[in-house]
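Both of the next two complexes hold subunit A, though its partner changes from subunit B to subunit C.
Up next is the complex of A and B:
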């Protein structure tokens, strides 16, 4: 709340100072980034692939809705933002947009009518995309998508956030310069950086936000980039720290997670499910390898090693495993609930089963500072997206009906301190708040 | 009056194991495939989710996942002289209902047949002489050999993810496996499950007597597994809710865990639930089918035109549809002529219970396919001439569950209610085990299926009539198994022992549960005069109708049928893809 007040204050102040400028300086559209022939025609499938990289569907296709017809609610700290219809319908979609107008949206977050988009539209990242990709996307949305005539809900945030001119000021302060500049001598790393930093817009969730709610760095040269953020109360984990999953996992495991939403350690939950479902599973092998190489390159560790096949000897059980294996009826509520509800799949050692049941020992969802994700999964369950490589939409059932708030709190507290996990407890009130919100 | 639906390339009746396999295979040919399933849709979550599915009363006793007789049943009689009466309460067998069919509620025993079983009549005649075959026994060769089917058994085992120990790889006997099994081209996809104490006690006793125990081939995953479709299984946790339940843990092989999510990704596949097929419609000349007529949940009749019709419903329903649709000449037991309905067979099982005061079996730790087996008295190990019967059994022990209502095994003489029952339950729960025989059942002139002359279903169609009884040959077989099992049991020194095997004069009783291994009725073979289907499961008479499932078994194997059913489905699918589609015609 304090942060929010600060942001409001800052925005209002900036707004006042800039009123004159806003009134008199015309909005300038960022020009094309890079040379592309005037008669450029994207290759077959190039536009659709760029759309997959940019994951337009995750926001612009509503659950059960027509592709790209908008209407999906995006929860922001300032209220609900409704995604727009980006089909080529001339009246309710973007059918009337010229290429320049389309680019103006992607690069500057400015609509054809001059209104500023909320930065839920990741133009902070898209403005780094190449002109070729912009052209391919434009071609796809004009020619490859069925027009859908559909008015979507208008976004109506409370004052002061309904004053869209304020975003213009925010843009001046918050936006980095446009265009992607290759930084490596290695084309694989450059490709990975391009995907992650531009169309892939990973930073939109995984980078922390500055006090004015801009991404704390939009490329790998910034220290804050991909150090962990938050989306709709869920933690978007750090991707660069030495203890972060992408740095601890082997390259092949990281790749499997991105392509199929699951690997020998973990399974995708929350908003990241949409990213796997609508975007990452469609990436080419080469692009996945590039993303993996780049993420490992910008990490603090050396990158995880391929796991060796387990030797015949089982390691001695740690204290948590020993307690669970004892099946001692007098054990505390938390571990007892684990045995009764979780152990069948995740096992007493918290290691689950490769590709099917996620590890809970060392799981970033379990140990995140924000417990919303963990509580959401316990209360409501979670379902993996069906992907090309792994079509099974494996699901964990919700336990909200079976467990009281006190029990969920005890279970979550146990999980956060079990095995090698060292995260703080969860109280009953937090569970209650999450239950009503879910 | 039926409305007409847009034409499909393929319509599949029933979305269980064979329906989903055929859909997958034919979608890969780019065909537009529609599956019609008369039951509800089902998925692991929410339909089998923990803890709701672990409800013995709802699913084990009240048959939550089974067909309701009021929606679909048949009439049963034991002899040609009796009047058949409707099977109004489920008992002897439990056909499944809904997407996944019986594939969701099986225990997961997955076997291949023996080489000799697939050419049973020839084997008996060559080895023991034709004159040992009783006059009324109508056993036949299948028309397809084990070697031809081997790649398709292998394929099904990889898709279903079977855990087991090979005993014969390309003719080389492997220690710890079944030395009498037909040669396999490779190992099982997964190592065998760990075993419970009863299974290990049985294996020890059998080994001491010179027998060859091996782990039961299990469609319960022993580890995390990914199949050729990319579908995944998680390791079985021995929860003890397997048969009659959907698996809560993604551990039991089923259409849901092994095929359906991959199938649903195919844009040329679609399926409709609560859509019951009433009839296969034939062209005026009767040589091809034009599609099927089905009825929706709202009672609307729809004609679904299709170039290819796959009957993939339960065995009984496939035969019923063929009889109702005029596919193949109905079998007449008086003349022995006709093929549709011929050679219905079942399964001959027996068992011995062992009670041990001082052993804790912890029966709540169980898996559907847990257990150790011996095949020392299998079909290919018995001198039929000497023993006076044709057939064989595998013998096994292993805990599948310790559910309180149905798995409360009590010593003989215990009252079934009151204080004495309570006392005995307290004393004996968890202190018993059993050794069972699971045996073949031959087919006979008067074990068959036809349309009932009296009773009709809710759509006004005649019910199917089953005529079936136990026969002296098969009773001699099960009595033989008793003489082999009891000495093993005695060698284990139980405090109390109780045997249950059918004895001379036993009549078929539909009330107690026996097994859902109903087979035959539209059998495969080499001669259109004696079989309804050719060796590719294609109707001899209507060449664009293929019939999946245990319907095709000329008599029953000594094994559980699913491995054979799965292998035949891939064998038939291959023939359709490679041979039939390029030139639709009778393949033989």
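Up next is the complex of A and C:
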């Protein structure tokens, strides 16, 4: 009995030492990845462009707030994380950061004071960014951004997630090795891979999460990479499957979607609207082509062919279209609601109109396992970002005032099974939960 | 004076429609049409006095009677529409040019020529017309039998009864026009209750999407839908 107690005591002691070590022994900063001349000075606009690629504004600029002054709430499964002030203000921002400290944040997710960032900051992806881009970003945030003196709301998650030292263990298990290694003989594919995998941090939303909530693969060599994730209850769709939109669409349609948030098939909603608005619309033509080429390269299919102008013949209507066309008063509530509320823009064939009204037939938002996105758009509507290529911020009105929970459920259920869609029904309670949550 | 002069402008209509949507959004979170509305006799008018309300119920019931073909002004709650309109921008001529000079016999293209707002025209017109009924038939309009009411309204329409108090505005013209509007307008504005008038004439309402029916030579089968999403 005494021996057992001794052993237990020893184990507890060992555990405490280990925890103390994890909590208090400083972490080694990942060194620069690649050689850059000591007197390197980024070209005019290079830092700002790297910022656009990394989409820092999406999180660090609050709605209606000063650029990069933080204070935007990021919903996570563990609670709300408030983005920080990354303007060069020395007291409330990052004005006092050295280049090495700045890199330590991007690569290791560790603040100047040694505290670990929550992985809402995509250092899983940024840690593969090149030293040149890190230097360009540092130069931009020190010299190209207006300092803003503003204390932001402190992130205060519940126990145990408020124990930031625990993230160190997570980092140790979850983080891939730093630095980007070109894998292709084709410079276009390498450039596309670099943008998508590192600064673009597409995987932060579009890759599934492992049981410890790390990204399931952070580059194209992983099977899980970009196979579809979830953000704030919305689906971040699969980008690689043979039936996924980026693989079914032609290269020019995929490019149009990324650059302007709309194409002949779909229109951007949810968090992706911010990505188009703050990041993708600023990409150069060459970088857009590289991203498109890379996404198609890592997809399962052969990539969609360029579309030819439609021939004069109309295909025979499918069952859903035929039912809607009949305007039969005995039809169920779901299709009736579609005719009364949706048909004027999305039409009875669910094909919408090129560049204006998205297709609902085959739409990943409509058929996603997570119905939050679809319900959110039906209840609250959606507005396209205004982009350089397509300035019109076209909007769909919300139907929450017009439709009861039962009606939204009937409509959503209809949409998920209409035309070629084959997704499960939505019940009234789910609509009610989404209505109160929105 | 032509009744066209009183027509709500398209912009005005859209503004009031937007206001109506906002109001209905506040008061009808989910499909309020499922609750039956208060009976017309128990309705508390926003603009009309009790006496005026009695007149409006009686007069609109003669302009679009309940007997015969289709629903009447009473079942479609036209009086509620008129009451709400008079209490709002239309009744107050909020966006009309109301400065003088007012020339009652000016050509129609010179627009509305009375110094009174539509709400004031109703107030003055009802009082004077009811007084005419009392003097000629010993009872206010609402208490007359249907045939006498029809005769009085016809005399008013033809100008055989001249109302001095409306100062150049056509009280009958306003009343007839607003009754038709209340009958056919979207239920959002208080009239056309249950979209009964639309059902009667086969108008499919605010669906605004019939592309697939272009060139099909048979009546559109679905009943109407209203701006707030009611189905009939």
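FYI, the second predicted complex is superposed on the first by the 414 of 438 C-alpha atoms of A that agree within 3 Å, B and C clash if a C-alpha of one lies under 4 Å from a C-alpha of the other, contacts with A are read in each partner's own complex, and residues count from 1 in each chain.
Just so it is clear, contacts are C-beta pairs under 8 Å (C-beta built on N, C-alpha and C of every residue); 3 or more make two chains touch, one makes a residue touch a chain.
None of the values given here were measured: they were computed from a predicted structure.
**Student:** Both complexes share subunit A, so when I overlay them there, do subunit B and subunit C fit or clash?
**Tutor:** In the superposition, subunit B runs into subunit C.
**Student:** Given the touch rule stated above, what does A:357 touch, subunit B (first), subunit C (second), both, or neither?
**Tutor:** The answer is first: A:357 touches subunit B but not subunit C.
**Student:** State whether A:403 touches subunit B only (first), subunit C only (second), both chains, or neither.
**Tutor:** second
**Student:** Using the superposition on chain A described above, determine whether A:389 touches subunit B (first), subunit C (second), both, or neither.
**Tutor:** first
**Student:** Between subunit B (first) and subunit C (second), which, if any, makes contact with A:348: first, second, both or neither?
**Tutor:** second
**Student:** Contact-wise, after the overlay, does A:381 reach subunit B, subunit C, both or neither (first, second, both, neither)?
**Tutor:** It touches subunit B, and subunit C stays clear.
**Student:** Which of the two partners, first being subunit B and second being subunit C, lies in contact with A:325: first, second, both, or neither?
**Tutor:** A:325 contacts subunit C only, not subunit B.
**Student:** In the overlaid three-chain picture, which partner chain does A:336 touch, first (subunit B) or second (subunit C), both, or neither?
**Tutor:** Touch status of A:336: second partner only.
**Student:** State the stretch of subunit C that overlaps subunit B in the combined model; pick it from 97-105, 151-159 or 187-195.
**Tutor:** Clashing stretch of subunit C against subunit B: 97-105.
**Student:** Do any residues of subunit A touch both subunit B and subunit C, and if so, which are they?
**Tutor:** 341, 344, 402
**Student:** Quick check on the complex: what are the subunit C residues that touch subunit A?
**Tutor:** 21, 24-25, 28-31, 207-209, 211-213, 220-223, 225, 228-229, 231
**Student:** Applying the document's contact rule, which stretches of subunit B touch subunit A when the two form their complex?
**Tutor:** Of all residues in subunit B, those touching subunit A are 43-46, 49-51, 223-224, 226, 229-235, 237, 239, 248-250, 257, 261-262, 264-265.
**Student:** Provide the residue numbers of subunit A that touch subunit C in the complex, in ascending order.
**Tutor:** Counting only subunit A, the residues touching subunit C are 324-329, 336, 339-341, 343-344, 347-348, 399, 401-405, 407.
**Student:** Please name which positions on subunit A make contact with subunit B in the complex.
**Tutor:** Contacts found on subunit A: 341, 344-345, 353-357, 381, 383, 386, 388-397, 402.
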